[in-house]
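Heads up, there are several structures right after this.
Below, subunit A partners subunit B and then partners subunit C, in two separate complexes.
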Partner chain A sequence: MAAPALILFGFFAVVPLFGVVALSFVHWDGLGEMSWAGLDNWKAAASDPVSRNALWLTVKLTVLCVVFQAPVSLLLGVFLAGRQRYRALLATLFFLPLLFSSAAVAITFTALLDPNFGAGTALDAEWLSQNWLGDPELALYVVVFVIGWCFIPFHTLIYQAGTRQIPKELYEASRMDGAGPVAQFFHITLPMLKYTIVTSTTLMTVGSLTYFDLIFVLTGGGPGDATRVLPLDMYLTGFRSYEMGKASVLALVLVVVGLAVSLGLNRITGASRMDSRSEG
Partner chain B sequence: MTSNTTDTRPNVLGAIGAWIWLAVIIVPIYYIFVTSLRPQADYFAENPLSWPSNATLDAYGRVLENDFLLFFFNSVIVTAAAVAVTLAVSLMASYVVVRSRSRFGANVFRVALLGIAIPIQAAIIPVYYLIVQIGLYDTLAALILPSIAFAIPLTLLILTNFLREIPESLFESMRMDGATEWKILLRLVVPLSRPALATVGVYQALQVWNGFLFPLVLTQSAETRVIPLSLWSFQGQFGVDVPAVLAAVVLSVLPMLAAYIVARRQLVSGLTAGFGK
Partner chain C sequence: MKLGTRRRTLLAFGATAPLVAAASACGNEPGGGPDGATAWGLTGGAEEAMRASFEAWNEANPDNEITSEYFANDAYKEKIRTAIGSGNAPTLVFGWAGATLAEYVENEYVVDLTADTAALIDRVLPSVAATGMIGDKVYAVPNNQSQPVVMYYNNDVLESAGTQQPTTWEELLAAVEALKGSDVIPIALAGQSVWPELMWISYLADRVGGAECFNRVTAGEAGAWSHPDMLRAAEMITELVDAGAFGDSFGSVVADAGADQALMYTGKAGMILQGSWIYPDIVTNAPDLVSGGGLGFSTFPIVEGGKGDPTNIVGNPANFWSVSANDPEAARQTATDYLSEAIYDEEHVDSLIAIGAVPPVVGLEDKIAAAESGADFLTLNYEMVRDAAGFQLSWDQALPADQAQELLNNLSTLFLGEQSAEEFCAAMDATL
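This part shows the complex of A and B:
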């Protein structure tokens, strides 16, 4: 009875994972014959300034995304964990961005950030009318903001659920001892959310490594190569420059970095918990 | 910050932050809606955030004239087929994981856990190769099959955790009555796991409906285009007709909005399942 699931998963997910290793050692344009390449693709990727830049941009994007998303999600999630009615309403509205496809979000922000017809003209604000997506200095920060718009709702949900698990007695006891709200936040809420923070940050980090569709539609990697992060570089190398072998190398870098980061983060902080969950 | 208690002290800072974030969320959504109602000529003249002075549905008309219904229908087929098969095969596999007394069941579960970590981006080139080799390139099946494969791990995980809660005695009493494994699955497991199936089904439907990379790489012609890809091609095709592009965005999100209104609880718990505990 497990066979159909194993066959489908094996053929379209596990086989490709080994396939990408094999493809990294061949020359292939995506249509014609393959030929043995040895380490050519690996050498080409390692010495390509565009790919090196892509790796650097991915690291930068990941750090910026975590720095932006983690505190906002944490504070919103803790706030929404309260029981008041209007907080439930806010939580309902906060969820809305999760319903949109990345393509829809990217198209919306392209229009909204248009220097001539976008929000800047609506609010008559000079600083909002910048060429947000056309300026290489700004484009990456815009990408970080739009990614935050998409994914902060998800992480807010995680923190909201995590905060609700904290036993109320802890707060009551600390109030007896005269602790104020700020002290409670730092001495109860934050420590109790330790595992939630690890989980959320891991998901953010691994997610940041793989953002593709949003950036693809929003900037296409531009202006120039200003937002050409690793997944985008992989796609453009493979499906636009038809260098599938080199693109496979880049895909492998993605997998290895992603696995290393998530294993690393969990090893540092919550290894035992992951084990206990995998045992069910 | 005492949000976890129901005390009387208001959290002013938190409230201010939350209302600011609400504005950040709502302004773009409001903008999509009002712009989709604006006549094309007014788009260049009116304040982008004002209510349209000549509100019209013309932009929706222009979108529908350009095969939007075909793309919509394609998305419905792909989403429905992918979710139905994912749920069916994952439930069968979960049953094996929960009931099996050998190491096999535990190993299936381990593989699924590892599978969650495989990003689609990393596998896309070999998936493209496989799809071309088996002659499915540029068909809807090319989108359905890999979508199922990448949805199985999380679905299996959630369903397995749910099935573990079913009391052993229920299985035993059915077995005493001489029921086969299939009969137990259909008569006992399927009815009991409805809530979990709904939760993970709604979540996976959202993922497949909004998926972009598989359609981008595995299809090409307008006949097999699905909605997210159509938004992207509308953006190129309509160019300066921003109201039409944003009308397409509104139409693309309507089914998910409907799902959210009807099955909010399932969607929210689907998103946090396995993580936020």
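This part shows the complex of A and C:
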């Protein structure tokens, strides 16, 4: 039964991966003959300040994304699982970003954040007319915000579902013991959502390692190399500088880091021993 | 700088997939019948004129048809490279000349056109024809319009700031001060796109040190970037940035959507240095400014005491056709026949001028002066190319891809003030 999936996976994931491994040991600019490079590409990538900066930026981006997205989507998810007025309307609005393509979102944000013709000018709000994407100090945070805007709805959905799974009896019992909403959140909701948090955080972390389209359209890696994260560095090295060997090294680094992080997260959080928590 | 539309194509997406795609060749069989040839062109820009030219040829030569396909800029650049490397290139290879052409020639992917296109080359302005030559042999011939980089001015803004179109570096600095005083951005610059910054350093280096300044770089001379003339050009960039010439948010301005030219024609900025290809957009978006005489244009200011010939220009001399060495003899013959007979024939020239494009062909003064709209701009454009002592191809095309990328990165940090002129030169020297 698994055969079709395995064949697809083998053909489109494993075979190309070996191709990339092979490419990482040759010099090739897409034209002309390939020549054996030995470990040259690996050494070049390790000593290149741009690539090292890209790796550091990727770590920073991942941490910032999790720190920004996790609390916001947790709170929104818990809120949307409740029974407040207008909840359905708000839920629909919150989930809208899920429907948009990354490229469209990036183009729209570039236009909105334009210091001269963007939202700041339209709304006559001076503080909105910042050099958002042109200031090396600011650009990464703007990118984190836009990524959050795109992906928080998805994680909110996960948390909403997780919260609805929590048995009502727990809340009723705690209310009899005199617990308020805040105490309930910290002593019931949060512990009961443990595995939801693990799932959502793993998705966020691994996702952050591979963000490409959004950043490519939003900043192209600039200003300077302030937002040139690893996937972008790989693309630019491969398809702008035509250094296929070095780009392959960067691709492999991404694969290894991605696998290591998701396995590591699973291990640390004990998700591999995940069991049912349906009745407290 | 690329020609025509600079819009990032969404086709380029697909994070890790492109690496894989590059490893496998994109198969595309040559078509067009036994003696037919194939051609890949670009969408946008002068696409219409190119299509019309092929159609006219096919009608006149039903046995030697040329089938053409059109691609978006970035997608084309990626596709053509793998196609050529794997022997699947079309007969007519569209290009920008420069370092890529040199690579094609070195690997014998394209053929020597010197003898077959002598008649065509006679019709082409020398500064443009030179771009398609390696040594004294022709490997590429121009196929569309010349696109020099031009200074545009919003005369209304200059006037209310009490200044005028600068003709020298000193006057430029004075105009910057005056414009700052009247609370507008002196010079619009699309810093996020980076490539418009190349226009500044290319012109300054040429005005200060002459064509040799950059020729030393393409020749790979050690220390070419830290030559005093190049260093001076980089320092002048820093002086402009420090004087606030580009405002304080140029890093957020994107050229692809035309936000830089919009600053100028909406009166938020006084001037802009851009390719001649933005002129039709200005006419479309600011018809009142153009018809009221508010739009000015001129060549780049001279630098007093500089070694550069003031007639020298920078930009895209044209786009070029080369002929693939991989194709059968008959297809190559069709292609070279097309080049020598149909390129810049009466019909082709007319169709280019009709869309506001200036073909680099000798003796067009009267035709251009009679153009229905924008005759004054087209004339300036034509005269700049006709009279140019040298036409410097955009640096990012003239350099090999890896060096061009380093240049864009370092230039961007120079403009952002994260790197001094000395650091910029040292970093670029390391790429030689």
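We take it that the second predicted complex is superposed on the first by the 260 of 280 C-alpha atoms of A that agree within 3 Å, B and C clash if a C-alpha of one lies under 4 Å from a C-alpha of the other, contacts with A are read in each partner's own complex, and residues count from 1 in each chain.
Simple rule for what comes next: contacts are C-beta pairs under 8 Å (C-beta built on N, C-alpha and C of every residue); 3 or more make two chains touch, one makes a residue touch a chain.
Since we're looking at a predicted model, the values are computed, not measured.
Q: Check the contacts made with subunit A and report whether subunit B or subunit C touches more of its residues.
A: After superposition, B is the partner touching more of subunit A.
Q: Scan A:115 for contacts with subunit B and subunit C and give back first, second, both or neither.
A: second
Q: Check the residue A:220 against both partner chains and state whether it touches subunit B (first), subunit C (second), both, or neither.
A: second
Q: Looking at the overlay, what does A:30 touch: subunit B (first), subunit C (second), both, or neither?
A: Once the two structures are laid over each other on A, A:30 reaches both partners.
Q: Pick one for A:131: touches subunit B only (first), subunit C only (second), both, or neither.
A: In the superposition, A:131 touches subunit C alone.
Q: Thinking of the overlay built on chain A, is A:248 touched by subunit B (first), by subunit C (second), by both, or by neither?
A: both
Q: Should A:50 be classified as contacting the first partner (subunit B), the second (subunit C), both, or neither?
A: second
Q: So in the superposed three-chain picture, is A:240 touching just subunit B, just subunit C, both, or none of them (first/second/both/neither)?
A: second
Q: One more residue to check, A:172. First (subunit B), second (subunit C), both or neither?
A: first
Q: Common interface residues of subunit A with subunit B and subunit C?
A: 16, 19-20, 23, 30, 103, 110-111, 117, 210, 212-213, 216-217, 231, 234-235, 238-239, 244, 247-248, 251, 254
Q: Would you pull the subunit A residues touching subunit C in the complex into a rising list?
A: 16, 19-20, 23, 29-32, 50, 103, 110-111, 113-117, 129-136, 210, 212-213, 216-217, 219-220, 222-225, 231, 234-236, 238-244, 247-248, 251, 254
Q: Under the stated contact criterion, what part of subunit A meets subunit B in this complex?
A: Its residues touching subunit B are 1-2, 4-6, 8-9, 11-17, 19-20, 23, 30, 72, 75-76, 78-83, 87, 90, 92-104, 107-112, 117-119, 121-123, 149, 152-154, 157-166, 168, 171-172, 175, 181-182, 184-185, 189, 196, 199-200, 203, 206, 209-210, 212-213, 216-217, 231, 234-235, 238-239, 244, 247-248, 251-252, 254-255, 258-259, 262, 278, 280.
Q: Spell out the part of subunit C that touches subunit A in their complex, as residue ranges.
A: 8, 10, 12-13, 15-16, 18-20, 22-23, 78, 81-82, 84-85, 103-104, 107, 109, 191-194, 248-254, 257, 259, 262-263, 268, 401-402, 404-406, 409, 412-413, 416, 418
Q: Using the touch rule from the top, collect the residues of subunit B that touch subunit A in their complex.
A: 1-7, 9, 11, 14-15, 17-18, 21-22, 24-29, 31-32, 35, 43-44, 47-50, 85, 88-90, 92-93, 95-97, 104-105, 108-113, 115, 117-130, 145-146, 148-150, 152-153, 156, 160-161, 164, 181, 185, 206, 209-213, 216-217, 227-229, 231-232, 235, 242, 245-246, 249, 252-253, 256-257, 260, 264, 267-268, 271-272, 275-277
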